[in-house]
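In C-alpha cells below, several structures.
Two complexes follow with subunit A in common, the first pairing it with subunit B and the second with subunit C.
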Partner chain A sequence: MHAADGKMALEHARDTYTRRMEGVSLWVLPSAQIIASDPGDAAALFAPAEDKIYRHPTFYKIPDGITHI
Partner chain B sequence: MYTTDLSGKKAKPEAAITENPAKLAAFEARVAADEFIEPKDWMPEAYRKTLIRQISQHAHSEIVGMLPEGNWITRAPNLRRKAILLAKVQDEAGHGLYLYCAAETLGVSRDEMTEALLSGKAKYSTIFNYPTLTWADIGAIGWLVDGAAIMNQVPLQRTSYGPYARAMVRICKEESFHQRQGYEIMMHLAAGTDAQKRMAQDALDRWWWPSLMMFGPPDDKSPNTEQSMRWRIKRDTNDELRQKFVDITAPQAEAIGLSVPDPALKWNETRGAYDFGDVDWEEFYAVVRGEGPVAKERNQARVKAWENGAWVREAARVHAEKRANAKIAAE
Partner chain C sequence: MDSALPPLAAYAARLGDDSLILGQRLGEWCGHAPALEVDLSLSNVALDLIGQATHFLGLAGAIEGAGRDADKLAFHRDVMDFSNCLLVEQPNGDFAQTIARQFLFSNYQALLFEQMAQVKDERFAPIAAKALKEVKYHATLASDWVVRLGDGTDESKTRMVAGLNWMWRFADELFVMDDVDAAAIANGAGVDKAALRAAWDARIDAVLAEATLARPAARRPIVGGRVGRHSEHLGHVLSAMQFLQRAYPGANW
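So, the complex of A and B:
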C-alpha cells in the first residue's frame, strides 16, 4: 500500500485486500522494515525439505491390508 | 488486450549481446522449465523493461477502465444494478493496485507510472477510448470487455514473473463476476421491450469490433510476440486468443437473440471454429495513436482526479508528519 501512515495503510488494505474474504486479519508495516531472505540462499534455506524425504508419510511402506494408517 | 504490445516496433536485440551469457542461459533455462522469476532474481534488462511496460500498461488499463463504467453508476436503473456496478468498478481499482505493486517490484516507482499515464506517454487498452452511450453499454462491457480480459489473463496466471502471475490469480477470481453481471444485463434487455432489445443490439454493434481489437494486431504484425512467448510473459498469440473469443462469444449472443455485427461470421465445420470478417486495423492504429473517440476526455478525467486529490495527499502527509513528531516529543 502507499499511505501516509499506518492507519491509512490499514484503510487502503481493507479496500484492496478484503473484498473476497481472503483473510482473517490485516497487518501493515513500512516496507523498508522488511528483512527478506536472498534468493541466492534459497538452496540452503529450502533444501532440507527435499533431502529429508523421510519427513513425508509416503516414505514409509505399509503392507497391503493394513488400514487406517 | 490490456497487455497488448502497442509499441508496434521490434524490440532491439542488443540485450542478448550485452548480458552475461552464463547468467542469461541460466535465466532462459529457468523460464523454459516454467519456474517463477522473483524480484530479487537476476533477469535480463530487456525482460525487466518489457515487463515494466506490460504490467504498468495493464495497471493503467484497469484504472482508466473505471471511467466508462463510472459514468453510469449514478444512472444505474435500480439499486441492485447500482450496488453491483459499484462493486465491479471497485474491483477494477483493486486490479490496478495489485498490478502497480507487481510493477514496483521491478524497480519502477508508483509516481513514475502515474506520471507516464497522465502525460500520455504510457498506453492503455484501446477499448477504453470508446464512449458508454447507454445503459446497455455497461452490459456489453462486462460481457465482452471483461470476457476478453479473462481470455487474456487466465494464461497469465502461469506467466514467468512471480508477482505478476500471483496478481493474475487474484484478478481472475474476480473477473468472472464481472463478465456474468454484464451478460445478465444484456440477457434482461434482450428479453425486454422492443426498445430495450434495440438498445442491447446497438451496444453489441458498437462494442463487438473494438472488443476483437483488444487482442492486438494480427500475429504477422506483432513483432515481439515470439520473444514474449519465449519469456512466458505472453502465452498465446493475438490471433489465437481472438479466435477463441469469437468461438466462445458468438453462441452466447445467439442464445439471447442478439446478432453479431459481422456478415462473414460463420461456423466452419472443418476448422471446428468460426470464420469471421476482417477487423478494421486502421481504426485500431488510430486509437493507439490517441485518436480514440473519447481519448482526450479520459486523459482529462485522470489529470483532474490527480490534481483535485493533491490537497488530500498533502494534508495526509503533513498530518502523519505532525503526529510522528508529537510522538517523538512525548517519548
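So, the complex of A and C:
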C-alpha cells in the first residue's frame, strides 16, 4: 500500500484486499522491514520442488463420503 | 416528493434516495481519485451505498404495491420525485469537499441506523442493522481524512475548510422532521432524527477539534430535498445515472 502511516495503510489494505472476502485479519508493516528473497535466486530456491509432485497428497483414493479434504 | 407514495413507502424512498445519490456521486471518482488506494476506498463506499439503496427502494416499491422495483424507482423517476437530502447531491468538488460531505452524512447515517436497527418494523430494522456495519466504517474513514487534511499542510487545511463551508448549510436538513417521519415513527419503523442532533454535534465537534478546525459559522439552512425541491445539481446526476435505462428501457446485463 502507499500510505502516510500505519493507520492509513490498514484502511487502504482493508479496501484493497478484503473486497472479495479474502481476509479475516490484516497485518501492516513498513516495506523497508520486509526481508525478501532475491528473484535472481528463484531457480535455486524453488525449481527443485518442480519434479516432486508426490508432495501433493493427490495420489490417494478418497473413500466415498469423506468431505473437507 | 413522489406524491403517489404512501407515507411508509415515502419514508423508505427517502432513505434509498440518500444512499443512491451519494453512491452515484462517489462513483464519479472512479478512475479519478488522487491515488489508487483512495479510488478503491471511495468506490467501496459507493457500492455499500448503492446496496443500501437497492434494499430501501425495493422496500418502497413493495410497500407501494404498484409493481415498481428498486431499478424502476432509481432509473424511471424524474428530479422532483427524488426525496434525497440536498447534502448528498452536492458536487464532488475536490477530494476535501467530497470528504466533507461524507463526514457530515456518514456520521448522521450511523446515528440514524443505530436507532433504526432497533425499531419494531421487521422490514426496516434488518436493512439498517446490515447497513450500520458499513456506515460505521464510512464515518471512521471520512473522519480520519478530515483530521489528516485539516491538520495537514496549509494547502490541505485551506481545502478542508472550503469543503466544510460548502457542505455545512445542508447539514440542518438531515434532522428536519415532517409528517412522513411522524407516520413512520407511529408505525414502528421511523427514527426521531431531531433527537440525533446533539450526538451528531458532539461527534462532529470532536473530529473538528482533533483536525484543528473551527466549526463553520451557522448559516441559514437550505432545505427542500425531502419534498422534491432540489438544487440544480441533481438533474445532472440523474442524466448520467439514468441515461442507459432512458435510452434502452428494460435493458439488463
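Just so it is clear, the second predicted complex is superposed on the first by the 50 of 69 C-alpha atoms of A that agree within 3 Å, B and C clash if a C-alpha of one lies under 4 Å from a C-alpha of the other, contacts with A are read in each partner's own complex, and residues count from 1 in each chain.
The definition used in the following text is that a contact is a pair of C-beta atoms (placed from the backbone, for glycine too) under 8 Å apart; a residue touches a chain by one contact, two chains touch by 3 or more.
If you're wondering where the values come from, they're calculated on a predicted model, not measured in any experiment.
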Given the alignment on subunit A, is it a clash or a fit between subunit B and subunit C?
clash
What is the contact status of A:E11 with respect to subunit B (first) and subunit C (second): first, second, both, or neither?
second
Touching A:R20 in the superposition: subunit B (first), subunit C (second), both, neither?
first
Touch test for A:H2: subunit B only (first), subunit C only (second), both, or neither?
both
Region of subunit B that runs into subunit C when the structures are aligned on their shared chain, from 25-33, 61-69, 223-231 or 259-267:
61-69
Overlap of the subunit B and subunit C footprints on subunit A, residue-wise?
2-4, 8, 15-16, 19
Would you tell me which residues of subunit A are touching subunit B in their complex?
2-5, 8, 15-16, 19-20, 36, 38-39
So in the complex, the part of subunit C that touches subunit A is made up of which residues?
35-37, 40-41, 44, 137, 140-141, 144, 148
Which of the residues in subunit B come into contact with subunit A in the complex?
38, 40-41, 87, 90-91, 93-94, 97-98, 110, 173-174, 313, 316-317, 319-320, 323-324
Where on subunit A is subunit C touching in the complex?
1-4, 7-8, 11-12, 14-16, 19
